[in-house]
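Take a look at the structures below.
The following pair of complexes shares a single chain, subunit A, combined with subunit B in the former and subunit C in the latter.
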Partner chain A sequence: MKQYLFKTGLSVMTLVFLFQAEYAQSQALKVVTSLSSFADITQQIAGNKAEVSYIVPPKFNPHFLEAKPTHVLKLKRADLFFHTGLDLEAWVGPLLDAVGRPELRAGGDRQVDLSIGIQLKNIPDRNITRAEGDIHLFGNPHYWIHPENGRIIATTITTKLCEVLNADCDYFKENLSKFNLSVSKIESETKSKYSELLGKEFIAYHDEWVYLADFLGIKIQKFIELKPGIPPSPKSLEALVNYIKIHSVKGLIQSTFYPLEAANYLNKKTEIKVLLLCQNVAEKSECSDYQKMIAYNINQIGATL
Partner chain B sequence: MKLKFRIFAISLILLSSVENIFAEDSSTENVLKKLEEKIRSLESVLENQERKISFLESNAKNVEVIANKSSKKNQLVNKETINSNIPPVVKSQFNPDIGIIADITAISSESQEDEEGNDKISLRELELIFGHDVDPYSRLDATITLSDFEEVGVEEAYITHWGLGDVALKLGRMKPKVGKSTSLHRDSLETVDQPFVVQQFLGVEGLSRSGVEFNYTLPFSFNSYVADLNIGIMEGGIGEGGNLFAENRRRPSYYSHLKNYWELSESNNLEVGGTFLTGSGDEDSGNEVKAYGLDLVYTNWITPIKRFKLQSEAYLQDRSVASGDDSIFDQTPYGIYALADYRFSERWGVGARYDYVQPVNLSENIETATKGYSTYLTFFQSEFARWRFQYQRAELLNGTSDDRFMLQATAAIGVHKHTLN
Partner chain C sequence: MEDFIDVMLRPFIACILLTGIHVYFGLYVIDRGLIFVDLAMAQIAALGSSLGVLLGFGLHSTLNYWFALGSTLIAAVFLSQINKKKNKIPTEAYIGVLYAVAAAITILILNFSPEGAEELKAKAIGHLLFVSWSEINSIFLLYISIGLIHWFLVRYSIKSQKNFPWSSKYLTFIFYATFGAVVSSSVEVGGVLLVFAILIVPSLCATLVKESFKDRLVFGWIFSVIVCSIGILCSYQQDLPTGATIVLAFGVSLVGVHAIRKFIFWQQD
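For the complex of A and B:
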């Protein structure tokens, strides 16, 4: 009996020690972001001063995430929370209710809405209803895809990091400069390289590429979805077949998490190029960081010329 | 005379030239004004075009400002910019989130009882949902229900209070966090009806009681394991048709639930929970009835759209203190269900459920179902509308069976926000 008690006690003590050891290892600033793209930008700015993780797996649609208890735990331990703001991440509200930390809720000083300073597109200028599909009330929320917005996001992140870790502000600013430089380089190189894309027409599965279209000067006016969030019907796909043929559409853009059946059908009927691009970092192996993601998306579209 | 004439002529010439000068002055003024206007309009154009650059510069300044330990100005700049993105109508809104969910169900049953919706199309439930932050520390949520079968009722109305360290408190009428299925609203279920064990032990719609509930996440440092503890006290009584506790609401009931959650991988997770409930089984004041529950959920996201879910729950009642005659009352009745759900496309899902439950009162309720086999097909019309067809074969205590066909339409408008489960 005594031996049993001793063994049990020893095991418990070992476990406690292991827990403590794990705690001791992670004294860096804990930053949680909603998306992997924000996590990558944050990591590039914060370097080794922060431990950065994200909530939405990059291969999943950020709108429909089923928030898990591990996400609650992650946010309970977070020092900072960076999120998209707007109404893309419909799960954030219930998640923050479960987390129960006022400083992470809207207006709290430990959360940052990264749509700050972004010139949003498609802001409804009239009363909207769900008859228009799953339309976004505050404007199109996929803003991080535009390289210029990437720089704005990085600046916002740097500002907050400086506020929280003032002593390392110079380090963050230095990393911000490096980040901005690398993004600007991609911007200037690709903009001139693919200047002939201006005015060319593409279609997309979902209306999530408006910022990239703005950057490249391409047109995306038709979508596979009947309305935002409403899957296509056979009739609507037939209409798209005709549209693609009449308007000489250059390609079809979609993220990896949308079903491919409709895209394959259109490809079969019209030979349209299907471009599976990255909405977020690590969605595909070619998009392993923010700069690579931006370059990959632009180059894929550019390759249709 | 000549001199006078000359003076007059010179005066006239001078006057006319002066007039010309004034005229020239006024035209110059106009030109200047026009130029000023043009400059102003150009300035505004320039201002608009350089807005993003200004923002970057101002933010860069903010970084400097923060470095000098004065972050307040920076926050002001950011707030102004935030506001510029938000439509004016949103800025002034302090109205609560409002949502409405309609659950319209058609049921065909062999049963002769006039139960909820048998052989008719009915509005089984209309939920009016309100919720908003009260202040930085609390939130108020309420769900008012209306239906073809009941008076207007308050299904939920509770305050969630945070800022109590690691403990969150819920106070008011709520669905207690016990088991898995009973804490869900009908629109969040995978099937048209609650599992038999939940219906017969806790109530047709599960539990909904007034009380206080404390939530605490145990302080383990694992990243992929979470232990979540809920402890609560609720008013006595039970949900409609439930047999675990008596109708008497005089004495409170107590409950606790420990949820163990493992994130096995990015797309696989397992949840195992344990429940304990105790309350009064009769009119007196003792908490003589106890119930123990075990719940299990395994979820596998095969792709971002395709999802497989396995869910099971079992409850065991301990009525050894409450019951009298063993030939009439089962002292340790139990029930279990197992559900498999497969969402195989963006719009379609299928599933099946097996039910088994033992009745408490062996002498009555001869039509009580003891076994059930259900299968269903779900069509997700959109994020806000869903159709479900379910076939159910129920085997009753009296040896007969009931084949039920159910068609459920669920539609939501407004803001629809249920808590995490």
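For the complex of A and C:
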């Protein structure tokens, strides 16, 4: 009888514990980010004070999104929404239409455009049309790849978290310091280790590495895409073959979600090294968090020396 | 439950509206043996829309819709010129060629458009999950107007002792033109695949089990709403893209209807 009571009591206590854990989790701030990189940075800052999820799967092109019911549900329940801003995520508008919460729209008090405070590159200095390719009107939106921008993003996230959960602000700031320290460490270590990369020439599939190129001092002037978003033609590939040979291009950089045929063709013709880097956290197993992603990308480029 | 209704109500209502007009058109399409006319029309609408995108009119803008509509009207003129009785070659052959050429031109156009492959994919699957109330209102008004035009024309055809409505060249043109207008709007919301599934599968099943046009229409409507509901429920439960899940549900339901029919015949034997 005693054994029976003991077992029942243990079961009840376990259930109460699980219920409390579940309740505590449901009480946590629900933060939704557009990209996995922002989700990782947010999780590092917010710790156990927030339940963080992202929308775009890291192995997919963030320009587009295959709409699923959970995307709508996530944002309906979100306390905060962190997104890239600019015009990277073309799906955000229709998704927020379906969600129907004005506070998550641009200018709303429950959303943050993480491009704020970032020194943007490639801002067009003239009127552009779609005929010139998928050129971003407000500048290149792939800014989170630069470690310095990672710190700016983390600061923006911390400011918003402090605004919403003021009581935990010190905790967030402490985590921000840890994050900044770890990113700065990678920054200083790799910058000195790969100083010889300065001025070296690379090519890329899509114009999405400008911020990383800026950090390492490498040049990326040619792309496999004819124009941003427009696939290559046979002639443009032939021209690239000649360019690679003439300019001794060190490597070809591309994300995992772009087709590999053109890269393989160029590799076969010129033996150029193809570097599949991470645009986002968890795009590859080596990029399991923001710091690892930054280190992986830099080390891959550095290995071409 | 509240979340489910909140997220899936608009796609469900859009599905009911698509059902209302497409099952009706589908019965004529099957009766005439022009099964792939919808795919061809949808592809032509996609071609017009792609051209609009290339010229700088956004995928879901009004001007882009006019490009899609204009293309389908041109196709309607072409299709109404093909006389089934006088022609040795089956009309489906022309429709097949029309589809293939339209698809090829779309690919060529989108080759010059940024992220063309993604645009093509978007055309195939539509944006049913994100459909807005204003889009629902627009397609409701369009479908009602086209429904009324058809009602009057069918009554006129019957009164003037014609065996089959849409028998003359002019009426055939009106049939294809209105069909094109419907498909242009439907593809925008549901995508090429879903529009084809709603047009053909319910009408096919209705033709298998019912005899009169009226019975087939009512059966097709009920059948389509049930299958759409199952597809929407599965999409929500399994977190799958809504349009593609409904198309799959239609495919499975067609197999189911055939199996049930076989079983009943087997029992009777």
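FYI, the second predicted complex is superposed on the first by the 280 of 305 C-alpha atoms of A that agree within 3 Å, B and C clash if a C-alpha of one lies under 4 Å from a C-alpha of the other, contacts with A are read in each partner's own complex, and residues count from 1 in each chain.
Here is the rule we use: contacts are C-beta pairs under 8 Å (C-beta built on N, C-alpha and C of every residue); 3 or more make two chains touch, one makes a residue touch a chain.
None of these values were measured; they are calculated from a predicted model.
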{"item": "When subunit B and subunit C are modelled together on subunit A, clash or fit", "value": "clash"}
{"item": "First (subunit B), second (subunit C), both or neither touched by A:G107", "value": "first"}
{"item": "Touching partner for A:T70 - first (subunit B), second (subunit C), both, neither", "value": "both"}
{"item": "Touching partner for A:F60 - first (subunit B), second (subunit C), both, neither", "value": "first"}
{"item": "Intersection of the subunit A residues that touch subunit B with those that touch subunit C", "value": "61, 64, 66-70, 72-73, 76, 94-95, 97-98, 130, 133-134, 229-231"}
{"item": "Parts of subunit B lying in touch with subunit A, wherever the complex brings them together", "value": "51-52, 55-56, 59-60, 62-63, 66-67, 69, 71, 74, 78, 81-82, 85-87, 90, 133, 136-137, 139, 160, 162-163, 166, 168, 215, 217, 220-224, 226, 228, 259, 261, 263, 266-267, 269, 271, 299, 301, 304-305, 345-347, 382-384, 413, 417-420"}
{"item": "Subunit A contact footprint on subunit C (complex, rising order)", "value": "3, 6-8, 10, 53-54, 56, 60, 111-118, 121-122, 125, 127, 129-130, 132, 235-236, 239-242"}
{"item": "Sites on subunit A touched by subunit C in the complex", "value": "61, 63-64, 66-70, 72-73, 76, 94-95, 97-98, 129-131, 133-134, 227-231"}
{"item": "Contacting residues of subunit A [partner subunit B, same complex]", "value": "19, 22-23, 57, 59-61, 64, 66-70, 72-74, 76, 93-95, 97-98, 100-102, 105-108, 113, 115-120, 123-124, 130, 133-134, 137-139, 148, 151-152, 155-156, 158-159, 162-163, 166, 169-170, 172-173, 176, 229-231, 257, 259"}
